[in-house]
Every structure is written in C-alpha cells, then in structure tokens.
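Right, I'll just put the structure down here and ask away after.
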Amino acid sequence: MKTNRLGHWLAIFFGTLYFLLPLVATFEFSLRKLRGVYSFEAYRVVLADPQFQSSFVYSVVLAVITIVFGMAIIVPMAYFVELRLRKLRPFVEFVTLLPLVVPAIVIVFGYLRLYNSSSLLPLTNTSTGTSFLLTCGYVTLALPYMYRSVETGLRAIDVRTLTEAAESLGASAGTIIWRIILPNIRSAMLSGAFLTFAIVIGEFTFASLLNRPAFGPYLQLIGANRAYEPAALAVMAFMITWACMGLIQVISRNTVAARP
Amino acid sequence: MSFIEISHLRKSFGANTVVHDFDLSIDKGEFVSFLGPSGCGKTTILRMIAGFETASAGAIQIGGTEVTHLPPSRRKVGMVFQAYALFPNLTVAGNIGFGLKIAGKDKGEIDARVAEMLELIKLPDLGSRYPYQLSGGQQQRVALARALAVKPEVLLLDEPLSALDAKIRVSLREEIRALQRDLGITTVFVTHDQEEALSISDRIVVMNEGRADQIGTPSDIYNNPATRFVASFVGTLNLLEARVVDPAAGRLSIDGQPVMTTRDLSAFGIADETTVALRPEALTLGDGNGDRNTLSGTVEEVAFLGAVIRVRVRLSEARLSLDLFNDPALQLPRIGAPAAISFKREDLLVMDRR
Amino acid sequence: MAVSASPARPPRLRVPWAVVGVAPFMAFAVLFLILPTLFLVVGAFQDKAGSFTLANLGSLWTPTILASYWISIKISVASAVLGAAIGAFIAYAAVSGGLPHWIRPTVMTFSGVASQFAGVPLAFAFLATLGRQGLVTLFLTWIFGVNIYAHGFNLLSFWGLTITYLYFQIPLMVLIVTPAIEGLRKEWREAATILGASTWQYWRHIAGPVLMPSFLGATLLLFANAFGAIATAYALTGSSLNIVTILLYAQIRGDVLHDQNLGYAIAFGMIVITGLSNLCYILLRVRSERWLK
C-alpha cells in the first residue's frame, strides 16, 4: 500500500516536472533579451510591434466570427436533430468527427484546389473571400469540439418537453430556439466557444497556406527571425490558453452549482 | 464452540469511531444478519471480517484461526457485493470459475465445478453469457455462485438485494436462505431492511451508532426489543408516555387511564415517567375482558391499506394506531365515534430510559 | 451522401423549420469538408488529363516520399504509445486514491490547458528548454558537464520531436482515459482479491482487459493527432525534418514535386492512414461499450 502510493507520488512529481520545466525555461528565456540582466524587453518589443498588434487583432476578430458562425449553423442543426431528425444523427456524428480523421493540411489543400481563382467559386481571388474561407476552415477545425459541447448541453435539458411546452403557448420555432433553448444551453455553448478560441487564436496551417496575416504565421515568422521574442510570445500564448480553459472551468462549475 | 469469534472489535477513521467494542460469536452453519440504518457500522464490521478494513483494536477468529491481520484471500471467505460486481469482461462461466483459475485448478475441474454451480443457482444454460446480458437478479445469483465456487467456510453478503426490484428481492432472499441451509455454510448478511432480516436470519444483530443494541432471534428482536431504538427500527410501533403507579404490581397510567404490564418495572420508582410501546397489530377494537388492558378514546382517522386497515385513535393527549385485518363483513369505525382499544398485558412493552 | 431531409417534414408546421434549421449545416459540411476531401481523393486517381490512373499512388513509392511517411509514422507511433502509457499512469495515480484530493482537479485542469498548448508556441517553449541555448541544456552542461548536443541529441530530430509532441499527447491521454479508469469499480478489485487474486492477477485478468479497448482507442486517437500535426514541427525545424505533413506543405506552397496529382496522392495516403486508425478506434469503442453497457 505504501509503495503503491510512492509510485503515484513519483508519477505526479515527474509529470509536474516535465510539464513545468518548459514553462519555466520559456519564461526565463524570454527575460534574457538584454545581456546580463533579466528584463521584460522582449515583451516590450513584441507588444510594440505593429505587425503583432494587427495579426493578433485579426486572429481575435476571426476567432469571434468563427464562434458566431459555427454556433449559428451548429445549434439549429443539433436542436432539430435532437428534436425531430434523429435519423440524421449517425451522419452528423460522422461529419463532426471527420476533422479529427482528415488532417487540417489536407482540408486546406482541398480548399486551395476547389476555390482557387480558376474554379467555379473563386473565393481566393479577394482577401475578404480568402478570410471567409479561413473562417470556414476554422469552423471545420472546431466542429468536433463545438458540436460535442452543444450536444452535451442539449442532452442535459429535456429539449422535447421544453419545445412542446413552448409550442402549446404559441411560440414559433425561431422564438423557441432564441428564447428557450439558447438560454438553457448557454454555459455549454460558452465552453465550446472558449475551446474554439484557444484552438483558433494561434492556428498556423490554414492561415499560412491561405496567406492570411493571422497570429499563427506571425508567430512562425518571429520564430524564424528572432531569438528571445518567440519565448515571450509562447508565454503569452500559454496564458491565453490557460485563460480560456480557466473560463471553461469557471462556467462549468457555476452550472453545476446552479443545478439543485 | 463458535465458528466465528469477534471480540472487542473497534474501528476508527481518524477521530471518528464507527465501531465500538463489538463482540459476537457465530456458530457453524448459522445465518446471522446485521440490521441497522446506514452509517451504523454494520458494513464496516463485515468488511473487517472480509479483510478489506483493518481493525483498530480487537480480534477476529474464523474456525479457530486468528485472521485479524490476514489478507482477504487467506481467510476462506466468499463475498457478494451490493450490486453488479461481476467482472464485465468475463462470461458467467468465467466469473464463476475465476477463483478456481487463480487457485491454479486444471480446466476439467473448473468446468465441472462451474457446471455444478450453474445448476445450483438454476441458470444452467447461461454460462456463455456476459454480465450485461443478465437481469439484476441473475447477476446476483451468478455473484453468489462465484463466491461459493471456491468452497469458502464463511459467506459474507453485503446488502446483496438492495438494488433489485421488490419481487425479485423476496424470491432471491428465499433462494439464498435455501442454498445456505443446503450447504450449511456460516453466513453473515448485512441489510437495512428489517423485513429481510426477520425473514431469513437465525439471529439478528441490531446495530446503532457502532454498537450492537440487541442480538437475538427474529422473534426475540420483534417481540422483546431491548431498546427504544430496536423497537422503533424493527416494525411499526406506537410510543406513548406513561407514568409508573406501582412498580411491584406492574401498574402504570397512560393519559390518566390505568394499564397493567407483565414487564419488569423494578428499575422505576413511583410516579416515574417512562415510555411504553405497543405494536399496532397487538391492539384490537372493543372492550377487553378482565385480563386485558382497555383504553378509550375517539377515532381520528381510518386508512385502508389493502390487507390491513389502520385506525388511529386519540386518547386525551396521546394517539395510537391499530391494525385490523381486512374483512368485507367488518363494520369500519366512523371518524369521531368513541372507541375502546384492548390489548394483552404482555404486549405492553416498557422501554428503558436510554 | 445526399442531404435528403425533406421526407422528415413534420405535418404540424407549415414551414419545414427542421429542414431550414439543418440545411445550412449540411451545406457547410458538404462545401467545406466533404467536397474538398473528395476532390483530393478523386484527384489522387486521376492523371493530368483527368482520366483514371493508379500512377499517382505508384509514384508514392519513391525513397523521399516513403521516408517522409515512415518518419511521420515513427514519430506518431512513438509519441502515441509513450503518451498513452505515461498519460494512463498519471491518470491512474491522480484518480485511484491515496493522494490528496486537490491533485485530481489540478491534474485535469492542467491537462485541459496543456493538451491545447500545441502548434508554434510549443516549438518556442521547447527551443527555450532543450534547444542549444535552452535552460535544461545549459543546466545539464553546467551541473554535470554533459552537453547533450555533443552526445548526439538534437531537438530537430526524431526524439526531439517526439519529446515535444508528448507535451500535448500525455495530457490528451489523461483527459480521454480518466473516465475509463474511474469506471473501474472498487468491488471488482475486492471481489478478485477475496477470490485469491494478487494485484498483478487482478490487472492481468480484470482491470487490464476492461481498460484495454479505451486505452488502445485513445492511443489510436493520439496517433492521428500527431500524424496530422505540422505547426510545431515546422516552427521547430523549418523544412529540414522530412515528415509527411511538411512535405505536403512544401508541395502546396511551391509544387516542389512538380506534379499536382502526386500532391493529391500524398494527401490521400494521409487520409487512409488516419482513417484506418480511426476505424480501429470506433471498433474498439463499440467493444468497450458492449461490456460497460
């Protein structure tokens, strides 16, 4: 029994070591920009870089659009599949798992061939079109996570009874989704949203191959050309991821607490 | 000579003592139930007998061997758990034969024993099924067979029926009892259901807050409860305040009405307050003859419960319920009508001051 | 697969709201997920003129391309197997009791963060840790006088990339396998113990087989996860490490193979490999759910 527990402690200890060391090392590295003294110079340089600002803003805006767009197509679909079109469920399950099977680079390759300038739908001709394509790519990427969280939320409430109760009071389908369903699955949607944000904000493959000025390619560019700034960026990226996951925890804990 | 001997057993988790100085002897072939509410320590004692918990103090002997510090596998006990503790990845036959396989028996011997056990639990054709394909009752029978296949000397049953539906619960408990009699195996059964304990046990240990309040046969426990806790936990009961009038003659008064008891009142003085108890089924409507006690009051409520009709009568302050067997010819008392209740002197239980 | 939702029209409503609600998603899925994938799959079997050929798949059998597949598979297998084994052990240590109660939620939260901390920033973090000027590299040189780079270690290598990938593989495993480990019932162990089984026998006959489907399934998921990854490797190594995603990336960027349809074939090969591993995953899931209701 005692030795057993020792093994557990060792597992946790080495796990912690492996996972904290790179964080400590990265932070330490990010402070080394000025010779012989620790400073936040690397952070100052990065934050003052107009390209950092523009690419970061671009990615944040794109992440928000991705979340809104993704939820706009996923929530009604998940609601009606749960309510009336259960036959479609296997197909939906298949589609939402597909992005885990088909690597992102393959999907973007398909986009480039399908929507290039000489195709029927030449989305890549304009920068707005390409940004739209990038948004679609991100929705695809986030699809498994968004769908899973929305579906979990819908299963936790009794969709059918809620809908019938609302219909008996004369509510239309739009009203039911907007006024009844959405408020009830809000926390599930927020969890999906923050996860999506964490995935999209530093995404590299799509943005790079579609040539968009997003944060991911910017990170890569800095990585190829600077020494200490990448570490500072990695620390910031980690903090963003941590914030998103922390918010998910807070949301889910509050939801549990709110239920009797 | 008893087969299981538990002496001065104590179990504490930190500052919290859940079993206090517990003693019990169990004879070979005896069926003993531990009855009590959750948290009374009954499961803890069972788990100490099994070896899953170590005693903080005291000793346990099985068949003359001190087992207090032996690992579970060396105590020759079999155990059935609350519900669905079958190994999900093994078939019914695999589950039943598991202990034999671990013991290194050869395949022919295992197969023969498994077939024998399947006959015994009356599921001869289900050997190749997986647990998820069985009903709850079937699963518990397989669990019983698994525990018995290795021929243990003691069978431990930890609320094995509590997860099953009412009907299965009754039929399975009868099967367990029949099987136990046939095999003559010493059995300890833990339950919070008094009917279950009363119906299958040779002896019952009523547990309360880590102590045995009473140890006795089912009829003993039911008819002569030693403490107020035992009386109220086992069966339904009318508890009434009474005043001792003459301890030597067994005379008391309830709400000012005189009654007699055959119980010992020597611990009380004149005019002492005490609590008396009456089982609803011991009461009858109408005046009794000279040997019986009679109380008079007013009918307050009549509830039809099927086989039984429960009538609530109010004296001046106290209320008591009595049970009448349902009889279509019976004239039901009217609410508000005066009523007399009578009962035998020995049915008036006097509770101690605990 | 056509989107044929119309027969399910509910008679009560005049507007087929269900169809209206589902249609945008279906259109999206077809346009931005299914068609692009199909386009590549079909393209993999076409020559430049558009007629059927197996030549593209045949030309995958060149040393460079085979080598890139091979190193991708090696890294994915190594990071998946190690990640699964270590992750399962950490998950077991965290949930099986014996440790303080705050350990479990802490491990789970941290795993949630670390499993998403991938891509370019992860490469930076490991460069700062195990790069030539990294903290651990310098520390080892300073304390033990061992320069790991002088001993053949290189972050831009098979082992370097595997160690880096483990940073998100292990936490991902912890997240996936924890529910399965928590599904192990205390009574199974007690029943096995009282029937005479040792700890090893309990794991060998009961816990191991019960966990195996989820464990293998999770391992396959980790494999696909590593196989499709590119950002970390690209940021770490540029295009110096010849893994298949980087090869495909270069092909898309500059058509380095001078043959578009060969690019399709590479993509098709990747789909086949991840698809196979996911197929196994689904089969194993079905099996494990059969046991555990």
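For clarity, chains are labelled A, B and C in written order, and residue numbers in each chain start from 1.
Going forward, contacts are C-beta pairs under 8 Å (C-beta built on N, C-alpha and C of every residue); 3 or more make two chains touch, one makes a residue touch a chain.
Keep in mind that what you see is a predicted model, and the values were worked out from it rather than measured.
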From chain C, the most remote chain by mean C-alpha position: B
Chain-chain pair with the highest tally of contacting C-beta pairs: A-C
Centroid distance [mean C-alpha coordinates] between chain C and chain A, Å: 17
Averaged-CA centre spacing for the pair chain B and chain A, given as whole angstrom: 58
Overlap residues in chain A, where contacts from two or more other chains coincide: none
Sequence positions of chain C contacting 2 or more other chains: none
Touching two or more other chains - residues of chain B: none
Interfacial residue positions of chain A with respect to chain C in the complex: 1, 4-5, 7-9, 11-12, 15, 18-19, 21-26, 28-30, 72-74, 76-77, 79-81, 83-85, 87-88, 91-92, 95, 97-114, 136-137, 139-140, 143, 173-174, 177, 195, 198-199, 202-205, 209, 216, 219-220, 223-224, 230-231, 233-234, 237-238, 241-242, 244-246, 248-249
Footprint of chain C on chain B - complex, ascending: 50-52, 71-73, 75, 77-79, 81-82, 85, 87-90, 98-99, 101-103, 130, 132, 143, 146-147, 150
Residues of chain C that touch chain A when the two form their complex: 1, 5, 8, 10, 13, 15, 17-18, 20-22, 24-26, 28-29, 31-37, 39-40, 43, 86, 89-90, 92-94, 96, 98-99, 103, 107, 109-110, 112-114, 116-117, 119-129, 133-136, 166-167, 170-171, 221, 224-225, 227-231, 234-235, 238, 245, 248-249, 252-253, 260, 263, 267, 270-271, 274-275, 278
Chain B-touching residues of chain C, taken from the complex the two chains share: 185, 187-188, 190-197, 201, 205-206, 209-210, 290-293
